[in-house]
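Two complexes are shown next, each including chain A; its partner changes from chain B in the first to chain C in the second.
Showing the complex of A and B:
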């Protein structure tokens, strides 16, 4: 009897301590694309200085993974920022929160753009010869280590494959894609060329062969340390990320970098398909288009007020300056999808010029 | 009532802890249907990964025995200045977080690493190769083998070794014929623990050799990328296999011991 009493006393005390932990801050859970780590870290610090009652808790993943945490793992998230805005209508508009008829989201802001480029270092092999014309040939050399991010999990992953497919038309050579990728994976990534449209098919199991000169990781930011350590010579990254880390950068021509609005039709000739059921309800297909980051507050966000404050801060002059300092400027004036559904607190952003 | 040799409450406390260990394992095993388990067994990626993991851990353990037994023997038998410092060094991998260990290993065994650089000129690579997996597993699990072997050697009566030496046996003969046969059960137990610890390593290996994927990496990737329904059967299968191997090895060790 005494034991039980002592035990339950301890339990009650523990619960009590837990409940009255000093200074209960409102947690603001932000799930963002890996390429936003640096600017969002800076934003977090500046925001918390201004809003000491809010504790920003960030988590970074490949963009597809970010979505999975919302819709498949049902985590309660306040802000979602993905490197591919098309993922939001594809996976959040179409999927209802379990037990309701409310979709996970019904609006998003087109936050920023970016351009795909090739990162390398002064130690990278053949770095003195690489240029906008021959990069695909150098990256295909057996003795060159190339870092790829996994197209099943990350937006750079499928976008870099689009670059190789598009390069075939730009350089007028039909084997650029295969020369780079063939025999590198235990199951091949295939390019089906149907004339005016090209389809890239990703197998369910994607693993490099034992002799491959490609190193694959779950997201593009996971390649950064490998590049720094000299494990890889080149990696596909966003220009903002390359600039943040001070790597050497080979810019890709507009027809290939997926960053120019005026080239949208050309980008749209490539589509990436997964040869397997990736999500519970939706089969994602990725059509080539200009890179746009999408930002939304999920309908089941536990702290929508704090989330709106964070987004307001992002678009304040201070927030915009932080993004610009990180070579990742916001798109203004505000564009996006279903902006009439923006929370009342964010409607004011529509007046930004 | 009967007199218990331990204070009241100890049994309850102990039971809670045992439950704490068993419950997650049990829940994992029970949450998997027989069908999905069968599908997982026939999944070639899983089979390949499990094979790779078991073999890599076995190689790591063999290397551990080769270099660790001499060290353990010296530690058990010889008194020398700086011994406790050496002990601390042996335990270092136990206290270094494994992701940190992975980074440290990358700096040594990576393509540009202190050892990895020169070795890569000879065509020997560690990153994303079997070698990297073995190195990662070995680093984090070595102390378990060395410390267990040291204990085992320590429990062998030095008088026996001394008597053999007096009878004319050389140091090698004494070690092979006297010390090792008497200490081997403790060493085997240490080797099993090291092997099992190697299999379970994630952090260090994921940094040094994410692919080819060992089973902890594969489980993580499936959990991250494909969800619980995809990761749980693999986790359950791994638990079953490890339990079987562990029980068989333990049984082997104890039955041989019973014959002696």
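Showing the complex of A and C:
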């Protein structure tokens, strides 16, 4: 009886080993900004077809939250892709992996840009009338429902406010910001416009008034379904997201869309300051600048080899095509910060034209 | 034998189950384990703070409070949904009762061990006003039933995992499994709740050539680092932070509120006075010479990093050049008395402008630039506000001519010329320019900045005709 029992145990162990051995995959943990959901989901599928031994595990968050998982929560992540590349030096360069003197990162690739634009539908009020010159006036009309993402939580949220502040210079009207926002919130979002210095103050509590024509949600993603359902007429979104969802799009002038390198100085006139500290490691001050997505492999990535293969694939013709199909083309040739520190496997990317 | 067969089948089944579990490709979060009593549980798990008052709770103390249960689920900022699960804990409003309760004027900051914090409004804590989303589609939906904000210590009957999310998690519970709320209202590792008085807003009235009621946010923006932030440490080591008085005066001494030339040196030189008036009527008066571009006279809004309170609220005048008596607190208004400057002027110094005999081009502009504290542009309207003279001047070649203009000395009085400036350039629209010593221009009582119907000109009696500029567009100080 003992022999039979021992034999069956061995059989079980063999079964276990047999079942597992060929199917074991390398998990590749990718944390990315929410606006990358669609292209990165497509990338994941294509990459896994080519590398069946790697299981890409994507998780999407707001850009600050992406960083926080690395530097505050100390999670082991293989690739970080943020919609605000300035967060990488601000947080990952400055913070050492606990128990070491090694920073979480010492390089990043400027992966892609984006532009802010206004999404709407054929059913949106005044959609036949709206254009690059009058959008702010139409969005200020009381009978127009405008969706805003919450600047306390979302990069689109504070960037859309920057657009209104900058518009005052572009259109030579000093009341554009207040015309749109005044009396819409129980505690006002304020702009102090000193010409070359514009400071937007975000209060700690942000709730719309009962009569407001603004509908504010925690993220720009939450505005998409409201726009689809006709609950709102217009919403600020990234151009890539608008195109991915097939909305009508009003492009903003270069001086306002936060996507043009040549306008960086102009964007830099505006700063958004929160009246509170949300993350211990993030100074709640956001300066206007060109939107740039940053990509890096954290120094404590458990699978740096697989991470490098993913980034190589991203920059392959297939990967670039996927990004382009999602209206989110990569920046080439490669630019970024401290690219001399790129892992050896990625040095070849520097030859991309 | 039958027993043996059963045993073998059982072991085989277990093996298959183990192998299936072991091979599962998805990395699933492990089910929450039941925590047994550990020494940590006896320690403080939550702090309630209101000002100086702090109340500490151990887990046992928390569990001794009236408990509520409900379903809490979230949708992340990227649309990922975590389905509702049964949570048990204590209402935040019940906890706040320990601090005297929450009213409409309070806000509640929830702080997590990992440094995250977020502030809740009275509407959220007291009325459960949150946006809800359909658990299957993520679409926004009407809230079903009552929502409540709790500090949870159990999920599905088991303690929370201290490693994965902390012993306590702030969640919003409801009655329906069909709805979730925004993920940022679910706070893991929660360990502190701060009941805050709504920051008291204030408005101080600044009155000069224009009137500007200045509120807290506007003042704080101006006092931001990189803007006009100045500080002073008093004898007792208290650090006062604020904005130099003259910056604030610059906002109301004329229509120009911002920029280098917001503060009008020329007006300050006329000797006006500034009244700083407190809530009880106590008034401190400074003269404009004392305040002019003086970074040591500060209107403070913070002391040791905290907003001013008591008799100093909201603003206090401080600085090393002031006596204690001058450091008025509780400022409610600041008034510039231009009349005092006018009253002290000698009647003979009053220059009465004439109606211009020659009307100059309405679009003419003169740039005053170079070694000046603040560069200026003067339009024809600006020039006509000065003392216009219609007079006869002696041209070196043409003889006496009738001209209209303003005295160069009046133009120079508008400026604060830097000490290094020694030369003046008259610059014409076609790029032509001529230099002369600044001292010569300052000494010339009869020199005029004038105009004809087409352009600005200089009329320079006693100077060579070369200095009689036509189509003048700029005067540069070098």
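Throughout what follows, the second predicted complex is superposed on the first by the 326 of 353 C-alpha atoms of A that agree within 3 Å, B and C clash if a C-alpha of one lies under 4 Å from a C-alpha of the other, contacts with A are read in each partner's own complex, and residues count from 1 in each chain.
Here is the rule we use: a residue touches a chain if its C-beta (ideal position, glycine included) is under 8 Å from a C-beta of that chain, and two chains touch if they have at least 3 such contacts.
The shown structure was predicted, so the numbers you read here are calculated from the model rather than taken from an experiment.
Contact with neither chain B nor chain C is seen for A:41 once the two complexes are overlaid on the shared chain. Shared-chain residue A:221: touches chain C; no touch with chain B.
Set against each other, chain B and chain C differ in how many residues of chain A they touch, and the higher count belongs to C. Judged by the touch definition given at the top, the superposed model places A:299 against neither chain B nor chain C. Look at A:230: by the touch rule set out above, it reaches chain B but stays clear of chain C.
In the overlay built on the shared chain, the residue A:320 is in contact with neither chain B nor chain C.
By the touch criterion stated above, A:210 is placed in contact with chain B alone, chain C being left untouched. Once the two complexes are overlaid on the shared chain, A:94 sits clear of chain B and of chain C alike. Residues 61, 65, 68, 72-73, 152-153, 205, 207, 217-218, 226, 229, 231, 278, 280 of chain A touch chain B in one complex and chain C in the other. Chain A makes touch with chain B in their complex at residues 3, 61, 65, 68, 72-73, 123, 145, 150, 152-153, 205, 207-208, 210, 215-218, 226, 229-231, 278, 280. Those residues of chain A that touch chain C in the complex are listed here as 1, 4-5, 8-9, 11-13, 15-16, 19-20, 23, 25, 27, 34, 37, 55, 57, 59-62, 65, 68, 72-73, 152-154, 188, 190, 192-195, 197, 199, 201, 204-205, 207, 217-219, 221-222, 225-226, 229, 231, 273, 275-281. Considering their complex, residues 8-9, 12, 45, 106-107, 110-112, 127-129, 210-213, 221, 224-228 of chain B touch chain A. Contact residues on chain C toward chain A in their complex (touch as defined above): 4, 7-8, 11-12, 14-16, 18-20, 22-23, 25, 27, 75-80, 107, 109, 114-121, 123, 131, 133, 137-140, 182-184, 199, 217-218, 220-222, 224, 227, 257-259.
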